[in-house]
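Below: a set of structures, written as structure tokens.
First chain A sits with chain B, and in the next complex the same chain sits with chain C.
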Partner chain A sequence: MQALYAQLLVGLINGSFYALLSLGLAVIFGMLNIINFAHGALYMMGAFCAYFLLNGLGLNYWYALVIAPVAVGIFGMVLERTLLRWLAGLDHLYGLLLTFGIALIIQGVFQNYFGSSGLPYAIPSQLQGGMNLGFMFLPVYRGWVVVFSLVVCIATWYLIERTRLGAYLRAATENPNLVRAFGINVPRMITLTYGLGIGLAALAGVLSAPINQVRPLMGADLIIVVFAVVVIGGMGSIMGSVITGFALGVVEGLTKYFYPEASNTVVFVLMVLVLLVKPTGLTGRAT
Partner chain B sequence: MSVITDNSTPASGRGIRDEMVAFVIMAALLATVPFTGIYPFFVMQALCFALFACAFNLLIGYGGLLSFGHAMFLGTAGYFTAHALKVWGVSPEIGIVVGTAGACALSIVTGWISIRRQGIYFAMITLALSQLVFFVYLQTPFTHGEDGIQGIPQGMLFGLFDLSKPTILYYVILVAFLLAFLLIFRTINSPFGEVLKAIRENEPRAVSLGYKADQYKLMAFILSGTLSGFAGSLKVFVAQNASLTDVHWTMSGEIVLMALIGGLGTVFGPVVGAFIIVAMQQYLAGFGQWVTVIQGVIFVVCVLTFRRGIVGEIAALFKRSL
Partner chain C sequence: MNKKLSALMLGTALALATGTGAFAGDKVVKIGVLNDMSGLYADLAGPGSVIAAQMAIEDSGLTKKGWKIDVLSADHQNKPDIGVNIARQWIDVDKVDVLADVPTSSVALAVSNLAKEKNSILLDSGAGTSDLTNKACSPNTIHWTYDTYTLAHGTGTALTKSGGNTWFFLTADYAFGAALERDTTAAVEAAGGKVVGAVKHPLNTADFSSFLLQAQASKAKVIGLANAGGDTVNAIKQAAEFGITSGGQKLASLLMFISDVHALGLKTAKGLNLTETFYWDLNDGTRAFSKRFQDRMKNHAMPTMVQAGVYSSLLHYFKALDSLGENPHDGAKMVAKMKTMPTDDPIFGKGSIEPNGRVLHPAYLFEVKSPAESKGPWDYYKLVATIPANEAFTPLDKSTCPLLKK
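Here is the complex of A and B:
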């Protein structure tokens, strides 16, 4: 049973990353109509940012948790202003191709300087050790990742669904011209939205640095799984993305325990099943 | 909205004549390669990728469907052909049939699943499916995992042509490429191809005219996947190995890049693109991961400034269809 709980925990942690990343993808897609292929690369940049802060400037994990998402988010906003903006009015597929190119550039540059092996990042001292819960041993850091991701996901949901800013954002998603006519600066909102989505990815990167090590390709394979998560969940609702992300992480964890050979593929198999039963995804609307 | 394939000009008598002239020139140039001292291995490899890119382009350029998982067909056919040649010891023509049939079967299944969604979702689904196939090949024993299948015998094609001789192998690959190219060319200009273009331009209207859009898209997907598999089978004879590289998503990205730089929806663009990218990899091999960076830069530049690709720009300049 210990092993089962341990795999469930690993599943929940992967689920946190799926949730944070698919949430960002959904928010960006809503505003920019772009599937951000660079999401995995920017997640990786978040982890590297934490690594540089610690080893270059001596700023610890807690600083990184704030600085990395902001710094990478700003980098994302620069990308949006300089590159993505030119795609307005073009076929959505160009956005996919452009961001794929950006991902190749970022990953290639990091691979050049850091190779393909992982760099260690220590768990912050406050979160080391573990707790005995009676039925299992819970490493504090892993518990922290799950709880903190959940809080961030709910905060993002609140920001978009319950605040005035979120209302503008949702309105601009539906009809940008009308929202502009009300005097709201939609291009700036698009830039900020992209920054927010990227910030979430970078945050996931910082959270994963102590668990998965810091590697240039850490986001490359992850983003493909997240795409499958997005196809399964649909991009229609914020909560839908979060719940699907966590749920698929748990399913993956359970698969690791009961049938480890399929743990790499289970999310893709589920995607196939969902497509056969409900092609629009679990929460998605017909497009 | 500007569609991803605004290259495609309507087929006309003049357009087809131009394209036939260009085809004859291309065939003649390629036929003289062994006499020029150009490294034949390079051209053979480029021809395999050119065929792969043409097959990919059939789907995006004429069906409007961007597949981000086409490597699964290349890799599957490669593994099947390699296994048949090495373990079963069959002759080359049977090996090619086995590989191509494997890719065909895979394309029927994956096409049936993925055409349920369109546009961006279609791209994500094909990418996820190819990743699924990748992990299957990573774990099944017959592919030999990270090592791949190596040292594959080339054999005698039809009992007549000794494929271990570079010049003979070159002409066999060239003839196979030209035949497959003509098949794609014929498909594009057939009534089937016209309906496909109609669906791409305006699906509801094509449906209202009584065309079963999904069946046409599935047929295009199967044809594209099968021809990609044919390219993968041919590549086994050139490279003499089959490895995970050919199934990886980076390969799917490379083929998109080849078609994009040459010109999506042009007849000759993918060939030009394939030669450029293969040459680039050849000459820049010493620069390590910078090749990836350069590929990324080409993607960005093409998408931002050069969406018609090289052949598309030339065709637009002369107002011809190429």
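Here is the complex of A and C:
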């Protein structure tokens, strides 16, 4: 039983990465109607950004938590302005192909210079060590990841669903022409939204840097699972993607305990089951 | 008329010369380096193995004697079906004579079968499974560098004898992991230890925390990592995070390459024991080779033992070709010839090839230096013990290779 608690907690920790990444995807899909396959590559860039800040400029983890999302977010906005913009109104497939291509290019460039096994990034000294919870040894850093990503998820949800800015955003997706008639700069809002979604991915990258190796393919390995999370949660549903992210982390954690061989397929089995029963995802609305 | 005829002759001659090249007794050789070019094993094999192959061609001196040697390379993505498809196309269409490297045991076993079926040659350096020279041995396959028996009898035996008598395995869920767990279990039990449990994880796992917690709960003194490359790196890094090493349990990184140590950093990797058959700083021969290799690598990495093995295996192949004077394009014949010749090169030293295809050379038990002991980049290992060739590999009388039963 004790082992079970431990696996639940570990699942929650992994779930927080799924939640952060799928949240960004959901924001981008909900507002821009783009299936952002470059998300994993930008997550990886976030982690590399943290590495460069530490080893190049001597700026530690806490600076990286702020600087990396902003820097990678700006990179994302440039992508949106120069490339993605041209696909507005076209079929989803074009956006998917373009972002997938961007992901391959970014990963290829990083792999060329840094190889595949990646670079080490240490846990910040304030968050080292761990505590004994009785049923398991919880590294402080992992606890921090869960709490921090929960806060970020809720803040993002609040921003979009409960503030005036969020209301503009939602209105702009619903009817861009009408919103523009009120004097709101819709293209700029879209750029900023894409930047926000990418910033969330980069933030997840910084969070994961001390746990995983900073590797060019760290995002590619994760992104497929995250897409499954988004599909299960319902494309474009913010709360749905967050809850599904955490829930699937737990399901995966339990699978690792009861039947480890299936742990990298269980998410997809669930995805198939959900799509069979409810094609719009658990919280998605039929459009 | 005469002009036409000579033109026709010339055309035919040209077509033959530039065509398949698969005529018995010419001086044309094609090498195919088949490995993981982009995934978790790309740093330990990958493009570095292609560089090693090119160095072997240059050092063989065959091109000066009029030989034409080409290297092809491809990414098998650690998937047996993809690997076999590429190898089949190379052999059938591109007339490749030798398949080199082929890490990832599941792919290696499949490609070895194909090489036998097509009478081609597999000079395997990257794969670990000892099955390649035991129950799955082939007259067309030679296994260089290391195998799971070496690792088990290096690190496994050493740790058990130094007091780590209860083991729990984290095993990569494919042919290599299974072979390594099996061979290490045998070595641990032979040294008086006991295996208390194991958990299989999928190949290419990013998060090991669930598996590590299970290992932690087992209270075993040693946690054996029967995996490789990126999986090993992640497992070691996260084991430190979960307080496993500070809690008194010892990690046994059964297969670890210098590229993994480099990726982990000495701060995390220090004190780990590992078994390798090659290290760049062993002697003048290895240092000279490694320096040249490093200069050619884009990220200036030192060669791993797998890459060194690709060099060594091809060098031996070229020596055999040289002694025959021409390429017979007959896999089994070439392999038989190679087995009759002792191996000798600056990096693995003197050795031999067993009838089952196993290459014998010494192996080394290393300990990873602490950051204070290291004098600079890539100065990572302390030599703990040298394992003589006859102890590093399956003894011939214990080999289950069907080729031996005659």
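Simple rule for what comes next: the second predicted complex is superposed on the first by the 279 of 287 C-alpha atoms of A that agree within 3 Å, B and C clash if a C-alpha of one lies under 4 Å from a C-alpha of the other, contacts with A are read in each partner's own complex, and residues count from 1 in each chain.
Here, a residue touches a chain if its C-beta (ideal position, glycine included) is under 8 Å from a C-beta of that chain, and two chains touch if they have at least 3 such contacts.
Remember, predicted model here, so these are calculated numbers, not experimental data.
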item: Fit or clash between chain C and chain B when superposed on chain A; value: clash
item: Touched partner set for A:Gln111, first chain B, second chain C, both or neither; value: both
item: Touched partner set for A:Gly89, first chain B, second chain C, both or neither; value: first
item: Which of chain B and chain C A:Ile67 touches, first, second, both or neither; value: neither
item: Touching partner for A:Phe100 - first (chain B), second (chain C), both, neither; value: first
item: Which of chain B and chain C A:Leu217 touches, first, second, both or neither; value: second
item: Partner chain(s) touched by A:Val145 [first = chain B, second = chain C, both, neither]; value: neither
item: Touching partner for A:Glu261 - first (chain B), second (chain C), both, neither; value: both
item: Partner chain in contact with A:Ala6 - chain B first, chain C second, else both or neither; value: second
item: Stretch of chain C, among 2-10, 56-64, 74-82 or 146-154, that runs into chain B once the two complexes are superposed; value: 74-82
item: Residues of chain A that lie at the interface with chain B and also at the interface with chain C; value: 111-112, 221, 261, 264
item: Residues of chain A touching chain B in the complex; value: 29, 35, 83, 86-87, 89-94, 96-98, 100-109, 111-112, 220-221, 224-225, 227-228, 230-231, 261, 264-265, 268-269, 271-272, 275-276, 279-280, 287
item: For the chain B and chain A complex, residues of the former touching the latter; value: 1-4, 66, 68, 113-114, 116-121, 123-125, 127-129, 131-132, 135-136, 138-139, 249, 253, 256, 260, 288-293, 295-300, 302-304, 307
item: Complex interface listing, chain A residues touching chain C; value: 2-3, 6-7, 10-11, 13-14, 111-120, 122-123, 129-130, 136-137, 139, 141-142, 211-213, 215, 217-218, 221-222, 253, 256-257, 260-261, 263-264
item: Complex contact set, residues of chain C against chain A; value: 38-44, 46, 173, 199-202, 204-207, 209-211, 213-214, 216-217, 229-230, 233-234, 237-238, 241-243, 247, 259-260, 262-265, 267-268, 298-299, 301
